[in-house]
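Naming follows writing order (A, B and C), and every chain is counted from residue 1.
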Amino acid sequence: MTLADAQIAPPEPPRYVMFWRRYKRNRAALLGLVLFAVVVLMALSAGFIDPGDPLRRAGAPLTPPFVNWETPLGTDQLGRDVLSGVFYGARISLLIGVVATLVAIVIGVVIGALAGYFGGWVDDVLMRVTEAFQTIPNFVLLLALVAIMGSKIEWITLAIGIVSWTAPARMVRAEFMSLRGREFVDAARNLGVSNTSIIFREILPNALPPIVVYASVIMALSILMESALAFLALGDPNYASWGNMIGQGRAVLRSAPYCAVIPGIAIILTVLSFSLLGEGLNDALNPRQKK
Amino acid sequence: MTSKMKQAGLALAMTGALSSVALTARAEEEVQKGGTAVIHMISEQRILNPGLRASTGVYNITGKIMEPLIDKSYDGYEPVLATEWSGSEDGKTITLKLREGVNWHDGEPFTCDDVAFSAIELWKKLLNYSSALQANLESVDCPDPHTAVFNYSKPMPIELFVAAMPDLGHPVPKHLYEGTDILKNEYNTAPVGTGPFKFVEYQRGQYVLAEKNEDYWREGFPYLDRIVWRFIKDKSAAAAALEAGEVQESGFIGVSMADVDRFSKDDQFDVGTMGYENNVAHSTVEFNHRNPIMADLKVRQAMYHGLDIDYAIQTIMHGFAKPGRGPVPSAGGINYTDDVPTYDYDPELAKKLLDEAGYPVKDDGYRFHLRHRPAPWGEYTQLWAEYYAQAMKEIGIDVEILTNDAPGFLNGVYRDHDFDTANGWHQFRSDPAVSTMVWLRSGQPEGTPWTNQFGWKSDEIDTMIDEAASELDVEKRAAMYHEIQAKAMEELPVFFAIEHPFISVTSKKLHNHHNTPRWNSSSWYDLWIEH
Amino acid sequence: MTLRMPPILTYALRRLVQAIPVVILIMIGTFLLLKLAPGDTVDALVGDMGGADAAFIARLRAEYGLDQPIWVQLWRYMTKLATFDFGWSFVYEQPVSTVLMERLGTTLLLMAASLSIAFTAGIALGAIAARRAYSATDNLISVLGLVFYATPSFFLSLMLMLVFSVKLGWLPVGGIKTIAAFYTGWDHVWDVARHLIMPTAALSLIYLAFYLRLMRASVMEVADLDYVRTARAKGAKEGRLMIHHIMRNALLPVVTLLGLQFSTVLGGSIVVETIFTLPGLGQLAYQSVVQRDMNTLMGIIFLCAIIVVVVNFLTDLLYARLDSRIELA
């Protein structure tokens, strides 16, 4: 920006202010942000305000909610505190969501960037591999991976990441293909900047916005996939996760519905918050759609 | 049934008397003929040939289509395809009289040729469990079409033979099997038998349909026109199907324990344990004795004291169970004794014992860490695993649960021995010799599921088991099993922690149900439905 | 646009040739992957049977060729597959092709119904939401769509079953038809349709949000383009504008998604099929993994690959039909 421009145009507010202005225009996205903040708070405060280990026997089994203030949301079949489970579950769900998403994005970015940047046979080979992964129904692949590695939470998270990388890879590849011919890339190349630097320093930052938006989708799907695994009794019972809570609560769905319904609502609200967050980010990062 | 009776029945079940609320007097009711009964099956056995696969899941369906030589009733053994049986003095031959005038569903007559072929080609060679039983069978002679003579190289006690027949004595039609690859024979999934119902179709993953055999040898039977077995894997969906009236019977605890409890309070259903006298199970905790901590008897005793069995029975089994007393369950009749050492719930004592054993609480808050493999048999087995982990934490033992699917679990425990503790449930099959003793006897072939693969070995118990197995005097034999039971409760190679029967939920529309000790496997010729 | 036969044929052939290495890659990958899992189909079978003696187990393993080295097993499988022989399912005791064909119909029916409902309802609601962007209607549609999307499928299915089968008694609990009712003709069609209502509803409600969101974004973007503004300036009516100018172009990304989603939905239907005991490929795939039924799982994956290739081909055609700028070549 030259000095002359600055004098003509009114001073532009800082970027984050612009971002926030665009974001808050979407009221649903604001709701998402509030929900997300609540979930994060729950995850952080688990263990501080509510009583200890969510897996220990906290009271008589199947105490309904609002009866005993020791266990305000009731207890499950083994007398485990539902409230405590919801708090710790927030931590586990967020952890699964964030880590699985990181895994997926990292794999996706590397593969997509290589394919999009180099093109040619590299692109061909990597895209064939991507297609192969996309063809296998991802939940079937997830089941196979969990069958192989067992149901430890680390492995489940990794497996969810592994089955989720294809979409970001395709997105990154498309971005790279359109960006690699741009002037600033040519300029960098002429200056003798290495391929690695061009990929990660020059192109990637420009290709990121759609990936950031898509990350919210992967995060949402990761939590849903973990809960589906728990439903099929393939979750990790060493942690209180919402999926595990519903999976077991379903046995008492008719006599003590709150055991499944409370964590169910927690999942719905969390996944909803991710999705709304993604919407807002999309509006804020993609200013083409203004109204 | 009046509500009072039901409550009384329930109370009995709750106190652990395992009484059934299913059996009620309904003598004067008039039989209604015709109609279709729909039965829920939780697991799907894809082979429908009881001569090839010995499994209750197979009998539940094929028991109506193919009949055994001998069945079991509450009054003793009941002739079915065999009408009389006798053994020789030396115990090496057993002679059976076969029922005359019985036809296979395709119209061919049933004769001794079928029995001889089945015994030699299937029961001796191919049928699980039976191949060990019939190992010494040399030949089956047919002096006439309705007499079969079994020749053994070593004495075969007639009692054992007869006791085995209801499960392991289903003949197949020789004319459909001879000269074929028996394992791949098409009739393995489309059975042809002599039973009251004829096989119609098997839709994988959905249902098996059988219809009335008009030509059945019991005159005037069966009552039903059709039976449908529906495969519903999800227990909540099965409960919904029962409530919606789409299914009339669910056996072998086909719905969650919470729903069993709920149905037992519902006027439209009979909930009970009758008809499972042959099928009682133990919920267990198993140890890998290759781990020196697990090999320490004091540790195992402490762990037993750390388990609140009564609490687990009330919460997980909803009262439909009782504390286990070793390898023989109370349903084991004369062979059972409750005069054995027991381990009351006492976490303080548990902690003290662990301290004494040399496992004090360390800096991380635990005495030691265990890797636990739970059997993936669903609901109450999983809850039992989680309760176990919960309870162990209270006494300072950290239990990490390793969840696997069935092949992963069986492999991890029985072949790779990659575990510290495990849990599951294990069925007692009417006699300790043919069921629970494999848990204690050392020297089981490597990799065989549901046998002693725990690395536990006691020469004393091995000898006791072998002596009991060859003892012919019933009283002496029982005394020997009492002794083994007491020894097992003392040495604790395995916790036979909870004894639980199987439970059926049956619509009151069905009549004459659960009236034999292996009812779900029996032929149901007298079952009828209100319609 | 007119489609002449030759380009379409060459195009189809080219896609097919491209697909072959992918399919081979998938098959070998899946085979080796599943071999990494602990235990084999004999373990699963013996587990189902309630145990067996050691000799029985060893004989079964030899019978099924599982005692051979993995490379031998893979080679045997791939050479058979080259002749389109899917082998024998040891779990179902039937040829894999029979097992698959029995299930394919149900799955195709379920997926076609759910995807077309999700697709039509999604684009309709998405278009409405976009035309009234940021209004209360838009927010309501968007959030409601996302709520269904955020609901775990098993949770939604169980709730539907509880309401419509147990409480109201309107719909059957599960299965694909009323067994032993022997309906024929239209009665049979109606019977199957009644059984499919809940599973279809569960699946389509979940996937609705995808189409809804994409359509909304797409319409908003297209509506801003010059030619639409021109048309509007010329006084084109809103309805006509929507259908002739906006929809056609806004549909492009949505159609792409439809092609991509096919195998995702198959995975997603596992849980729904399990709850509603629908005999489809999803449930079969899950069972095959748990039972280590290699041949059946490989058959399903192969079938998936074929279906995905065909569906992608069809979406390309549809794409070309929608966007006159794209030529098939």
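By definition in this document, a contact is a pair of C-beta atoms (placed from the backbone, for glycine too) under 8 Å apart; a residue touches a chain by one contact, two chains touch by 3 or more.
Predicted, not measured: the structure shown is a model, and the values here were computed from it.
Peer 1: Return the chain label for which the distance between chain Cα mean and whole-protein Cα mean is smallest.
Peer 2: Smallest centre-to-centre distance to the global C-alpha mean: chain C.
Peer 1: Any chance you could check whether A-B or A-C wins on number of contacting C-beta pairs?
Peer 2: Taking the two pairs in turn, the one with more contacts turns out to be A-C.
Peer 1: Once you find the CA centre of chain B and the CA centre of chain C, what distance in Å lies between them?
Peer 2: The answer is 39 Å.
Peer 1: Whole-Å distance, chain A centre to chain B centre, using C-alpha means?
Peer 2: Centre-to-centre distance between chain A and chain B: 46 Å.
Peer 1: In whole angstrom, what separates the CA-based centres of chain A and chain C?
Peer 2: 23
Peer 1: Which residues does chain B have that touch at least 2 chains other than itself?
Peer 2: Within chain B, residues 236, 404-405, 408 contact more than one other chain.
Peer 1: Which chain A residues sit where two or more other chains touch them?
Peer 2: 147, 250, 253-254
Peer 1: Listing for chain C: what residues touch at least two other chains?
Peer 2: 37-38, 158, 162, 274, 289-290
Peer 1: Which chain B residues qualify as touching chain C in the complex?
Peer 2: 36, 38, 43, 45-47, 53-57, 126, 128-129, 131-132, 183-184, 188-189, 203-207, 209, 226, 228, 230-234, 236-237, 240-241, 243-244, 246, 404-412, 416, 427, 445-451
Peer 1: Which positions of chain A touch chain C when the two form their complex?
Peer 2: 25-28, 31, 128-129, 131-132, 134-145, 147-148, 220, 224, 227-228, 231-232, 243, 246, 250, 253-254, 260, 264, 267-272, 275-276, 279, 282, 288-289, 291
Peer 1: With touch defined as at the start, can you tell me which chain C residues reach chain B in the complex?
Peer 2: Within the complex, chain C touches chain B at residues 37-41, 43-44, 46-57, 63, 91-94, 99, 102-103, 158, 161-162, 165-166, 169, 172-176, 179-180, 274-277, 279, 283-284, 287, 289-292.
Peer 1: Touching residues of chain C toward chain A in the complex: what are they?
Peer 2: 21-23, 25-26, 29-30, 33-34, 36-38, 133-134, 139, 142-143, 146-147, 149-155, 158, 162, 209, 213, 217, 220-221, 224, 260, 263-264, 266-268, 270-271, 274, 282, 285-286, 289-290, 297, 300-301, 304-305, 308
Peer 1: Going by the contact rule set out above, which residues of chain B touch chain A in the complex?
Peer 2: Against chain A, chain B makes touches at 235-236, 239, 256-259, 261-262, 314-316, 374, 376, 378-379, 382-383, 385-387, 389-390, 393-394, 400-405, 408.
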